[in-house]
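Shared between the two complexes below is chain A, which has chain B as its partner in the first and chain C in the second.
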Partner chain A sequence: MTHYDKSTIADLVDGRLEWPQLKAMMSNFKDPDRFDTYIAVLQERVPWDDQILLPLGPHLFVVRKADGSIVTKSRSGYEFGDYRQNWKLKARIRVRDTEASLQELYPAMMHCTPGWMELREYIDPLDGTLLEVEAVPPGYPIIHSFQPDLETFYREWLGREL
Partner chain B sequence: MSNGTGSRPRILAIDAGGTMTDTFIINERGEFVVGKAQTTPHDESIGFLNSARDALHYWGMSVEDAFSAMVSGIYSGTAMLNRLLERKGRKVGVIVTAGMEDYLRMERAIQTYLGYSYSDRLHIVTHRHNPPLVPRKRIFGVRERIDVFGKVAIPLYEHEVRAAVEQLLRMDVDSIVVNLIYSFKNPVHEQRVREIAEEVMAAEGRSAPVYLSSELYPLRADFPRLNATLLEAYAAEPSREQLQKVRSVTRAHGAKFDLRVMASHGGTISIDARELARTLISGPIGGVIGAKYLAERIGVQNVACTDIGGTSFDIALITDGEFQIKNVPDVARFLLNIPLVQIDSVGAGTGSFVRVNPGNRRIEIGPDSAGARVGVCYPEGGVDTVTISDCNVVLGYLNPDNFLGGEIRLDRQRAIAAVQQQIAEPLGLDVYAAAAGVVELFEDNLKNDLLGRIIGKGYGPENYTLLSYGGGGPLHVSGYSAGLNFEDVLIPTWAPGFSAFGCACGDFEYRYDRSIDLPIFPGIDDATRMHLGAVINAAWDALADQVAAEFAKSGIPREQIHFKPAIRMQYYGQLNDLEFRSPVQRIEDPGDILQLLHAFDTLYAKIYYNAARTPDFGYLATRAIMTGSVDVEKPALPHRAEAGPVPDPEAQVGTREVYWKGAWIATPIFAMDRLHAGNQIVGPAIIEAPACTLVVPPGRKVRLDQNDIFHMRPA
Partner chain C sequence: MTMTSDTTAGVGIGWGKRSLRSMLEESERLFAETGRYYGIERLTLKEEDPIRYEKLFSRLRGGMVNARETALNISASPIVREIGELCFALYTPEGDSITLSTGIMVHVHTMSDAIKWMIRNNYEENPGIEDGDIFCNNDAFIGDVHNADVQDILPIFWEGELIGWAAGVTHVIDVGAPLPSGMPMGPIHRYEDGFMLSAQKVGSKNRLHRDYELRCQTAVRLPFYWMLDQQTRIAGCQMIKEAVHRVIREEGIETYKRFIREVIEDGRRSFVQRVKELTIPGTYSVPSFMDVTFGGEAGRLPPEAAKDTLMHAPLTVEIGSEGEFKVSFEGASKWGYHSFNAPPSAMQGGLWVLLTQTLVPNDKVNDGAYFAIQNNLPYGSWANPDNKFCSVSIAWVYLIPGYSGIFRALSMAYVGRGYLEEVIAGHPGTWNMTQGGGPNHYGQPGAWTNFEMSSCGTSARYVMDGEDTCAAMWNPEGDMGDVEAWEILEPLLYLGRRIRPNSFGPGKFRGGSGFESIRMVYNTPNQVLYNLGEGNVFLGTGLFGGYPAFAGYRQSIKHTDMARRIAHHLPYPISDEDPENSQMIAHVEGVLERDKRTIHLPDPHAEYDLYLSVLRGGNGLGDVLERDPTAVVRDLNEGYLLPRFAASTYGVVAFQNAEGEWELDAEATEERRAAMRRERIEQSIPVEEWIAQQRTRVEQKDFIAPVRQMYQESMSLSPTWAAHFRSFWGLDDDWSL
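Right after this comes the complex of A and B.
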């Protein structure tokens, strides 16, 4: 059975593993305890105590609060409400839809054509961390792109109740 | 090994590996000694000398006495490969056709997954670009274009060449590599680039070598051509200095031989050779060269060579006395235009890891391995995943107290516990049945690979003699040859040192290749045939001149060289070409062209099917090849007096419980060095030597012949 200790997983989270080791981990069978070790590492790195149930991104998590409610919460501690609600609607949004704003990121001619496509950056209201970016046509609705089925995931993949 | 005292040492073969330098010295009676010393990377000549001293002390000889008696010295090492892997080469600048500057960043994508297992090839996230040998800022494009016919389509923009060279010199490059599209068809632009570079350098009072791909590797496919040329400038030149140091050490100690290096095409070349990059990969092919030589000596035409080491199972086929050559091999994740002896390597050696796939609960072997760390049974190795060696220890095939002559002690209980926990329990099996299942699966995999290669050649096992060597070959040969009905199964007693022996068997031989891409359409008249013949002759002549020029560096006149012209050909419109020795030395009349085509038809029909032949569309001669060799002394085979079939009683050193197909049987253990020629041993039996173990299962028997080679047959 494949097994990695917690410090290896911590290095993985921090991107500190050397390529040969990273490649070996990718090619090997998945370690059965990876999810729990991974979550434990993440839990140590957030400034709050709510239990992380699922990471949604490097700075965004689904957590269970002390009162039992399950919410989407960022690393800074901002709560976006029930995890079944679209958290993006409560984030600060910057839209890059002009040549000038796109060229802050890309060289001229290497970015999308404003009017055909725009970049939307979802930003943490508390500390300004970039949480997610999407490239969509103007007017495209703000979609809740990933709504996990937590109960099923815990029961059927992890073999325990949520 | 033996007490070669009194006999003159004749041949020296040195293998400088990453950590140890091995020396193999053979005397005129075919007896040999092996020496070992730490490799000294900053100056390999030190490690080389220590290693030679270590070997010679077995014969009580001084280096001076031994070296002055020797007639041949062959060096092979991994120094160049390490330089490449560690990216510690020269500071090279590159000039390419404009628009192609990103060769090394794009790597034709294929270099991002070379050497990967099939599952990783499909697993795109594991693909990764290699750090380039030359950073993008030192690669310049110049506008020019030679077309596919060799005509100038766009003239060379000379001012761009001048500017590129000036900038490269400002960056302080050690050398400049030039690789332009279709330069193998017409080298005029590359040559002009060199002229301009030399003008610029002269004007600035500088000098740096300029490497032209059209001169070094005039072959189709510009990316492998660039890689090969680049390697020459980047890694081969600094390695030449190391080789020169080794040579001066041999000369300072009285050697009169000229040190040679094993090259990828299967011959040895002088260290002064212009193309040294082809010595990059010499280790693994040694065994095939040795097998070819052995086959010649004992009069066998077709040999299936199998080498099991710690990490891989290598298969090579010698058919009609010749091994196959691979055109564009990949080495260290580089596609290279350098001919390489065709060896198919499977990631399955004695150190291969064994795991149970948690998804489908099946045993999976390799492709990664513990290599020199053996397995869980070797606690100092720090391995915690079961390996094939662990299973061999569990089943009693390997003697835990006699691994590498007892240098390393193996812990059988530790191996049993690991197999129990990692394999047996998840599968719900008894620990011994689990270990036996792993070994059986391992040997079945090897057998299938071997059979696949042989059938792919259009032959069957009954046409071949199987030769097994490498540290793990004798251990598993009974398993992977079972039921395949080979003509004979040979296991030389010096199996673990067979690759080093093979290096000593290499011809002194240069080989040059050139793309010609010459269509030979059906229905042509004799005049056209003669015209085609003239083109082929011209290519052969030019290559022969190159061969002669290289031999001249070693003071060998042209008359002493045996020239062997060869050609690669395909049916016009098909994709794969085949290489074969030309039935004629030169194309003298129209019938010679027909002979060439006939030879191709015959070979093609052997490998594929008669029905797949498409001569109606004509042929394409893709490549002209010229090999030139001179006679050098080769190792003598050991020759021992024949004794009776019954081994001496003291040859049996004990008995051990060994697991054979579900039952423990008290099995006699023999010491290999106490057996005599003619002795016959019927399985079950285990024959042990310090560096290898020959397993003879029930139902098989072995006989030791006069040349110190075991023959395995059904009992």
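Right after this comes the complex of A and C.
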């Protein structure tokens, strides 16, 4: 059964694995204990003590607080509320919908046309980290990108209580 | 045609003299009743002798790959020979794929649909199915993506019994449509899509029918290529038949019969297992959009077609507790009078080829994966048109953006589980697609599609930049082809082909780079050219703060002085690089045509006119301010990044040394990045406040026409999506656009 030690997973998280090693990981059978090792690595990297239940990205986590509530929380420590709600609703937003703002990122002619589409930047209110970018037409409802079925994942797939 | 149902034993060509239709009906009934392929409970062959089971699979799989690698040499088309736009597969009598070669694997399931269509329409009775028959199909509403992908399907018999099908597909150069090329833009009905073969019997006794061969001579431009492609497909299928016969001679027919059913159920179980092994149950929402710029074609297209439109692909993936994998386009916009509608067969094939590149790349890839997936393709939408006479000439134009969220959805799951090595920020649009036609450099009516688009950049991974110029979502073995090979087919010379700066999506890890080709029409009096790609919108987006790759544009310079420049050995453009400082424009005199009409009808060009094609890169991943500053400087020095974007995008301050090389100012970079983080907070507002502001705009329906029409179509086709839209903006139940 495939197994990687904690330092290897830490190197994976940090992007320190060389391509041949990464490619071998892709081609090999998956290591069933990855989740626990991964969570242990991440838990050591965050500046707070809440228990990570599910990573949502490099800076976002579903965590259990000391009072037992489960919320979405960023690495900076900002809490976005109940994990079942779309965390973006509690973030800050900056919209690139003018040629000038789009041309900070793309040469002229190589960006979307304002009116057809806009770039919405969802920003961590505490440290200004850019958490997600939506590319949508004006008026498009904010996307709830991922709604995890956390209870099923823990109880039925991992075989343990949430 | 009178349809008859034959479910009695003793008269058919299937197993035990049953009809193929009764076998298919039984297969579908057993799957519906049990959820397992053919109702199989135990994989007895695998359990009893796993080594033999694996050897059997390997031998059949090897037969497919061998057929492809050998047969492609028969073709004269660079699309097939250089790019590898072909694929072969083996099917059960009911039309379910057992194993396949590499190549354009999207068609493994489309050809399954075509076989089942023949079975359901009782081909067994009329026109009959006999050993040595050859059936040909390129009808997307039967089982295909579009007319350019032509399939040959040959029955495989053993001792008088049909034991399966061999099938092969190639992408052809021209389909004999009113407009030249394999995938003309401009058809708005299927009558204009070109030569169509609706699962037609075109040969028997292992020979093509003479009447069919003669018809092909005038049905398409360049019949020479058409016929050699056909011989390629038939030769590959004959090799598959021989490979299957060899296996049966050595293993016995009963073992073969058990194996082909078990291996599909094995594939289904493997898919479900992988879902549970790698993902997180839940719902993933990854919508995308695509613009069609036919608004500039008034007078060339009828009013219902000559307008700008926006496609809506509200893709969701729902993963259930038992590993159920449901893919839905609920809320998709309507089919339209353009060339980009995608019938269900195309959609299912497109999904299938994507999943083989991420979720199920390693195990037994066959129709087992298809049986493990549930699709919701709303009837009447672009993904399942309720008009069977709409055009599908380039269904990929909607299919590629439509599925651009699949990799991102799965990547969110992989991040949850910790399988970061699998994470990738979506796939790019595989364009600009350059096509054209007219009198060619051999003095013949010509048509061509340049497939260098199969080497776009890949999107960024979780831990590294995307790869440059190497891939297409529809062909995992992307190859741009040699310029010399394309120049044999096309009356255009390459003046340059090189990495295109800023063609990737920015991020902590940037997408792989695209490239640019500068073409000059040469040795022909005239040639029509097309562009194809998104222009007013981005295709998908990045992940975790990464930005999407660039949106395209159209650029030609006509009536140039290139003939004079060549005659007098004067400088001429070999690159373009930056639209704001175009080297192409700077180094030639002529009439510039440049705009965002990236989808248009054939555009006349004359000899020495120049045409720019900018091939897409991949999306970015992660926050740009976390990108290693030295990687930004490396991108500057290697020509991947235009200098002004180092600071404006990445907050990296760099300067050029005496040798002209860029160097990092680490301290200034740190200060600038800190300032940019502060600016983000200062320039942003709380989302709840923004929603309140935007609600007014929505209430006033303040959208440009294509956006308004998109919302109208989605809300009218899907009450569910309409309710979602109204609910989000707090609108009344009767609010409409």
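By definition in this document, the second predicted complex is superposed on the first by the 162 of 162 C-alpha atoms of A that agree within 3 Å, B and C clash if a C-alpha of one lies under 4 Å from a C-alpha of the other, contacts with A are read in each partner's own complex, and residues count from 1 in each chain.
The criterion applied here is as follows: a contact is a pair of C-beta atoms (placed from the backbone, for glycine too) under 8 Å apart; a residue touches a chain by one contact, two chains touch by 3 or more.
Note that the structure is predicted; figures quoted are calculated from it, not measured.
**Q** Could you classify chain B and chain C on chain A, in the superposed arrangement, as clash or fit?
**A** Partners clash after overlay.
**Q** Check whether A:Asp149 is in contact with chain B, with chain C, with both or with neither, and answer first, second, both or neither.
**A** In the superposition, A:Asp149 contacts chain C only.
**Q** Looking at the overlay, does A:Arg64 come into contact with chain B only (first), chain C only (second), both, or neither?
**A** neither
**Q** Check whether A:Trp19 is in contact with chain B, with chain C, with both or with neither, and answer first, second, both or neither.
**A** In the superposed model, A:Trp19 contacts both chain B and chain C.
**Q** Per the overlay, which chain contacts more chain A residues, chain B or chain C?
**A** C
**Q** Identify the partner contact of A:Ser27: answer first if only chain B is touched, second if only chain C is, both if each is, neither if none is.
**A** So A:Ser27 meets both chain B and chain C here.
**Q** Can you tell which stretch of chain C collides with chain B among 148-156, 328-336, 346-354 or 490-498?
**A** Residues of chain C that run into chain B: 490-498.
**Q** Can you give me the overlap between the chain B contact set and the chain C contact set on chain A?
**A** On chain A, the residues that contact chain B in one structure and chain C in the other are 19, 26-27, 30, 32.
**Q** Would you pull the chain B residues touching chain A in the complex into a rising list?
**A** It is residues 117, 119-120, 123, 125-126, 128, 355, 357-359, 368, 422, 426 of chain B that touch chain A.
**Q** Flag every residue of chain C that touches chain A in the complex, lowest number first.
**A** 276-278, 280-287, 289, 291, 310, 319, 321, 362, 409, 412, 415-422, 462-464, 502-503, 506, 508, 535-538, 540-548, 550-553, 578-580, 594, 596, 622-625, 642, 645, 648-649, 676-681, 683-688, 690-691, 694, 697-698, 702-704, 706-707, 710-711, 724-725, 728-729
**Q** Using the touch rule from the top, collect the residues of chain A that touch chain C in their complex.
**A** That would be residues 9, 12-15, 17, 19, 22, 25-27, 30, 32, 34-35, 37-39, 54-59, 88-95, 104-113, 115-117, 119, 121-123, 125, 127-150, 152-153, 156-157 of chain A.
**Q** What residues of chain A sit close enough to touch chain B in their complex?
**A** Listed in rising order, the residues are 1-2, 19, 23-24, 26-27, 29-30, 32.
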